[in-house]
């Protein structure tokens, strides 16, 4: 169980500021979901934590700055599932998931039996063991999604970053993937930070939401606090109505203006 | 099939070794002169320690075999292995199956170096203690790649490989232009320069073999050691980076090692084209795209390939030679048609 | 964080063994160094086994010479070494006796194995840019190499040097004396002009030419002719002229050294666009020469000089 502390994290691309100073602390085992319109800075924040873009401010894992660590140590702490993962068609699923073990293999070394057993275990857990020998190009969208999550799991990293993990999936696979992440999170104690478009799902699975708009964090807190009709209208420019289920689920429903 | 699964004992390497041994024997046996082909294995066995066999070949034939043909076969193996390995490594770094070290300027740089020396003329360089031609080619190749890197870095090639490739095209164009200019003004050496550029193994001596072997061994060791890391790079530079791979370090190391090895073999054998693209592609068709398997196999099969490709060069126009660069070029054309057809098939 | 234990894989050992096998083969092959094969081929006189084309050398005790340079083939015959020649390259077509020993070996891309099988004692190579000499040394065969001569003196030096190398020093001296005296005689009988005439020596139809810093240029100089290419101050002896330069220089004489290779004649030259205006063309002073003779620094340079003298004599003044 690891905490992730973000202090004044700022990302700029050239002169353009993609993310204004962002400060938050994600508690161990918590799931923070970033929401906001396109270009709000969600991906930039995730990429900054993953070490893919330079940033100002500090990112601390268990109190120690992430930037001081070597890339292998960082990879053993933070797993990043990008928006559009690159899945080479002619690589086998097993080999792909095995890549997740890279942080634990020496520069010129090769994987050990433990690494391979671990990968086999992960594949079984995700019900993918029958795909192990198949090439990635032969897998369906849902299977590929699970494979990518499998690779992130193989990294055994306590912090998992998911950038739009379900945007390409149908509603059934969406639920399947998110349920999976959630149950694994509880099982292994991951800390999860995700970026999602679907507001209802975001509220359903995460512990907390942070709404980003043009790089600024304009709202943060539980789903019921952040997902308000006026807030969404202001920052998404969308017309919605927000409905609260008896069990506490917040449902965001798009509305059309009557009589158009 | 997974290249990393340990529940499948890999038979690829032993099989490739056998192919190489067969190619080696074939290359040693076939020639326009020398001992009859069936005497050659006897000659080879005779050389083993503690073994003494009469092959029945005359002294002259034996000399032809050991001093003229064997260095050529061995050099073909070394050059073929190095070019194939370097090609496959570049393809891993740039994630493009159609690149090889010539792309970043090694070929043009080495050609220019050789041209400069040849144009300067032997009267200028005869007094030098070492033959300047291989040295100039070697240095030319390295300088060209260095220039490519400098130009590429100035335009932000650190993150984008495509920028580096473009820089390589620019450097290649420049070097080729200078070379053509020099040749235009010194037409009496055109034949000599083109002879070098077409690539040749026909003038191989044991001295050449000793000259390149250290560079090739070091370069090959470094490249083969990186095979697992090239597999990691297959998911792209960003993802490889989040998986803990030092992408820039891997890229520089691989490019430097491959360029060094390629420059070394180019300096003694001239520019033998297509090997760095054709052999890795063929190996991929046979054994899959994983670099873990690809790199060691390209060493063995690249060596076998060039040994075999060198045979028509000395037999077809007997008693004259056809430069090996011409033979590989002839192989290159149908190869690319093959690639087109397989892409078309895959697209359906 | 979990600590990963690394255990040595046994299967990687197998991989390294199978990679070592071909290296072992390499070791066997490389084991035969040139240290082993010290000139044993040349000192023994083995029976000629294995095919090889032609190679009639009736003189068992004489030197076996092989020539890969048409120019030097002519020299060999002229100095009396013709009987010792066992093989010549495909372009060595003069004198007629070469027909008995001519092979298909290319002078530019010869197969060294085939050369070695002729078991020559010395191989005469013109310009050795392929590094043949080194390979031949490795099998104990000597070679004689040279660079294209730039003056007549260098032509003589090469002839003398080659003569010594093949044991015909006397014949070489005689040849040089003959050539020298014949040149003198030819020049003495040739017409002299108050003003030196200018000439253009055509190598091919793209205006490649020679300067006077070549052996053929030296022949023209004997007659006091001036080469228009010298005015270009080019750093190569074989420059390409521009059409404008040609026209501005307007040479008095044009010698065509591309009649055999490229089928050029005086008529075809006159038909070239713009060339009819040149003095040489309109005066009919375009002379067809023999390509081979013009490009070989050998005994037939004398014939070339004779042809130039005839051309000069034919001028209507």
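Each chain carries a letter (A, B and C) given by its place in the written order, and its residues are counted from 1.
The rule is short, and it goes like this: a residue touches a chain if its C-beta (ideal position, glycine included) is under 8 Å from a C-beta of that chain, and two chains touch if they have at least 3 such contacts.
Since we're looking at a predicted model, the values are computed, not measured.
Q: Please name the chain that ends up farthest from chain C once chain centres are defined by their CA atoms averaged.
A: A
Q: For this structure, which two chains share the highest number of contact pairs?
A: B-C
Q: With chain centres defined as C-alpha means, what is the inter-centre distance between chain A and chain C in Å?
A: 75
Q: I'd like to verify one number: the distance from the centre of chain B to the centre of chain C, where each centre is the average of its C-alpha atoms, in whole angstrom.
A: 32
Q: Hey, how far is the Cα centre of chain A from the one of chain B, in Å?
A: Each chain reduced to its C-alpha mean, chain A and chain B end up 45 Å apart.
Q: Please output the residue numbers of chain B that touch at least 2 other chains, ranges allowed.
A: Answer for chain B, listing residues that touch two or more other chains: 6.
Q: Touching two or more other chains, which residues of chain A qualify?
A: Only 76, 109-110, 113 qualify.
Q: Which chain C residues sit where two or more other chains touch them?
A: 9
Q: Hey, which residues of chain B end up touching chain A in the complex?
A: Going through chain B, the ones touching chain A are 1-6, 225-226, 228-229, 231-232, 234-236, 238-239, 241-246, 288-290, 292.
Q: For a test of understanding, state which residues of chain C touch chain B in their complex under the given definition.
A: The touching residues are 9, 11, 14-15, 18-19, 21-22, 25-26, 28-34, 36-37, 40-41, 44, 46-47, 49-50, 52-53, 90, 103-106, 108-114, 116-117, 119, 127, 129-132, 134-135, 138-140, 147-148, 208, 234-240.
Q: Residue numbers of chain B touching chain C in their complex, please.
A: By the definition above, chain B touches chain C via 6, 9-10, 13-14, 16-17, 20-21, 24, 31-34, 36, 44, 47-48, 58-61, 63-64, 66-71, 73-74, 77, 118, 122-123, 184-188, 191-192, 195, 200, 202-207, 209, 296, 299-300, 303, 314, 317-323.
Q: What residues of chain A sit close enough to touch chain B in their complex?
A: For this pair, the touching residues of chain A are 50-52, 71-76, 78-80, 82, 85-88, 90-92, 94-96, 98-100, 102-103, 105, 107-111, 113, 116, 132-133, 155.
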